[in-house]
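There are two complexes below, and they share chain A, which is joined by chain B in the first and by chain C in the second.
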Partner chain A sequence: MSVQVIFLAAFGLAAVWFGIVVFRTHSMVRSALALLFSQTAIGAMFLVMETEFLGVLQIMMMATEMSIMAIFMVMFMMDPGGLGAMDMKHQRRLSLWAGLVAFGGATGLAFFANWGPLPAEIPDAAEQVRLLGFELLGRSMLIFESAGLTILTAMIAATAMAVLPGRKAEAQTSEPPGHEGHGA
Partner chain B sequence: MTAIWLLLALAVGVYLLAVLEHWASTNRLRPTAPILAALSLLGSESLLPRKPDQLFFETGPVLLLIAALLSLAIIPLTPDLIVTDLATGALFFNAALSYVLVALIMAGWGPDGAYGMIGGWRFLGQLIAYAMLVVMPITAVAMRAESLSTIEIVLSQEGLWNIAYQPLGFALFLGAGMAMAFVPPFDLPIASGDLAGGVQAEYTGVRRLVFRLGRLVLVLSVASAATVFYLGGWLGPWLPGWAWSGVKILAVAAVMLAGGRLFPRVSEGGLLAWCWKLGIPLALANILLVGILVLVVPL
Partner chain C sequence: MSMELIVALIASAALFGTGIYGALSQTNLVMIMMGIELILAAALVNLVAFWRYLHPDAIEGQMFVLIVMTVMAVEMAVGFGVAIARFRSRGSVEMEEAQELKG
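Showing the complex of A and B:
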């Protein structure tokens, strides 16, 4: 087993561990930053696999994105510090099954998919940047542009729904939604 | 041998910047001031606030220092005096410094204090303002160099430095860089006037020392990047390359530390409005202009 594989496994395990931490903590900020470090570990995996641009990009983007997610969670959740024993786990049975099915699917795909022949040699980092540039402004342009636009729309829609006038008054008059692990 | 020279350059750079910062804030040039301040911080007790998020409280200042140090790894003082010449150097600089935000959020959230927390989240708002104005001017610089490698970027300026080739980009980058290093007038996260020190408020003793050291390395890093991207790095007549790099970095740092104090502290909303309504259109215009220049008058 080469050093590369050992590092890849180590960062992979780190990514999984931080992913678990997301749900083990009660604090919204800790949860968001745990997700950040999980994603950073995936960026490090890219670096180990000698895809320098993708790795650095992943490590850069996630820092900002997860921090912004953290402030949204603090703004909209009722117990951001986790002092009232806020629980991150909801709909346990459904999410457990969904997680198992997704894990099985991903593992099956990894083993049974036809990945084609391995590239004989990996282009150097500068060449990768050039190739990615052509890819992004070529045949992948439409996919990336629509993905970006979709995410932006979803963000605006989610925020608009969260701050919709009347939502608060409605929540105060009606029964609180019955999340598991919420006092009761 | 290179490692020793680089460490020496880092130590001297941080020390000179500390002297400069003292001069900028007190108007007195005292070479002993940084040493005395460091000793005083080392000698005072490092208090732990009540009910902290201890992991974040301890990690914040250290992460700030590490992020700033990492970003210096791609700065060439001469073609040989560089930690690592990455093919994605200019992007790596941004990647490392985006963890400054994470560090400040951790340091602000950690001590369980209102001033610190507001300071930390303020920096997030500040990032929304300055982030594009760091990346877009660098895009124009990379367009001219046709590379993200910092050495290639310096070599692309042999005919004409980028400060003359794309002055608009330089102005935007320097302003955004000052906001990134939260020096006045962009010192919202640690504002002493209205937040009692903000993120710094709950830090004392050695933890505060690490925080301030991290901030100084951050200023050094932004000044070095401005030198590499716009002032031709080590290029210059008579003096050896490393001396040119040093002189230029110190000059940019002096402008950052002293020049900013001539302006009143901006407000969070004002900064966002200025950056998005004026800064980003100008940065886009800069990219267009440089694109035309690169194609029409290659220098």
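Showing the complex of A and C:
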């Protein structure tokens, strides 16, 4: 068993374990931190697979994203600290079976598919970045620019949706009698 | 058969299953988004493993990874926009209280 397999398995286990912790803890901040650790372990898996650029990108991007997520969790949850041990789950049996079937199906595919012969060698890190740069600003430029434009559109749309004037008043007037939001 | 590829795919399958469980079982919008993040992370692991162990000569494989990362960022931005709008109008992001969205 090679060193790469051992490290891949270790970081894979860490990613899965922290992924499970996300849905087991009652504290929302712990959930966000567990997801951050899970995503960081995935970034470490990328580094083990010798894709340095993507690994570092994954870790940096997820660190920012999960920090923002932790702030939102504290803002929106009724019990962000988890001291009340609120139950925030439904359809447990269905979800568990769906998760197990998805895991079993994907694992079966991994074992029974014919993946073909392995390539002899891969480009080193610097060469990968050079090739990716040429790819991004060459043949795949339209896709790359479209991705950037999509993020910009999503940012503007999300901001517009969140600050749209009159939304609260409209929602309150359209509420059925006797049904009032709590906390707003 | 490459042992490294199999290990990466099994880890990815476990992440995918965990994400499916989270997205289906949680009642809070932000927690559902966390489940979707795990599903997309599983796709990322698959893409990198396929590039590394099957087609390292085709750098387009890394392009797919960047696109999935973009999808993750867009999902977060739109999800939080919806969460803020929902919280401002109804005071909660609990999906059990969003029965009116049912088709």
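FYI, the second predicted complex is superposed on the first by the 123 of 184 C-alpha atoms of A that agree within 3 Å, B and C clash if a C-alpha of one lies under 4 Å from a C-alpha of the other, contacts with A are read in each partner's own complex, and residues count from 1 in each chain.
As a working rule, contacts are C-beta pairs under 8 Å (C-beta built on N, C-alpha and C of every residue); 3 or more make two chains touch, one makes a residue touch a chain.
Just so you know, these numbers come straight off a predicted model, no measurement behind them.
Looking at the shared chain after the overlay, A:88 reaches chain C, while chain B stays out of its contact range.
In the superposition on chain A, contact is made by A:33 with chain B only, not with chain C.
Put simply, more of the residues of chain A are touched by C, taking chain B and chain C as the two choices. In the superposition on chain A, A:126 makes contact with chain B only, not with chain C.
Look at A:63: by the touch rule set out above, it reaches chain B but stays clear of chain C.
In the superposed pair of complexes, A:137 makes contact with neither chain B nor chain C. Once chain A of one complex is fitted onto chain A of the other, the partner contacts of A:52 are limited to chain B, with no touch recorded for chain C.
With both structures placed on the common chain, the touch criterion links A:154 to chain C but leaves chain B unconnected. Touching of chain A by both chain B and chain C, each in its own complex, is seen for residues 53, 57, 68, 128.
Residues of chain A touching chain C in their complex: 1-2, 4-5, 8-9, 11-13, 15-16, 19-20, 22-23, 28, 31-32, 35, 38-39, 42, 45-46, 49-51, 53-54, 57-58, 61, 65, 68-69, 72-73, 75-78, 88-92, 94-96, 98-100, 102-107, 109-111, 115-116, 118-119, 121-123, 128, 131-132, 135-136, 140, 143-144, 147, 150-151, 154-155, 157-159, 161-162, 164, 167-168, 170-172, 181-184. Taken together, the chain B residues at the contact with chain A in this complex read 53, 55-56, 86-88, 91-92, 94-95, 98-99, 101-102, 105-106, 109, 112, 121, 124, 127-128, 131, 147-149.
Residues 1-22, 24-31, 33-35, 37-38, 41, 44-45, 48-49, 51-57, 59-60, 62-63, 65-67, 69-70, 72-74, 76-78, 80-85, 87-94, 96 of chain C touch chain A in their complex. Across the complex, chain A meets chain B through its residues 27, 29-30, 33, 36, 52-53, 56-57, 59-60, 63-64, 67-68, 70-71, 74, 81, 124-126, 128-129.
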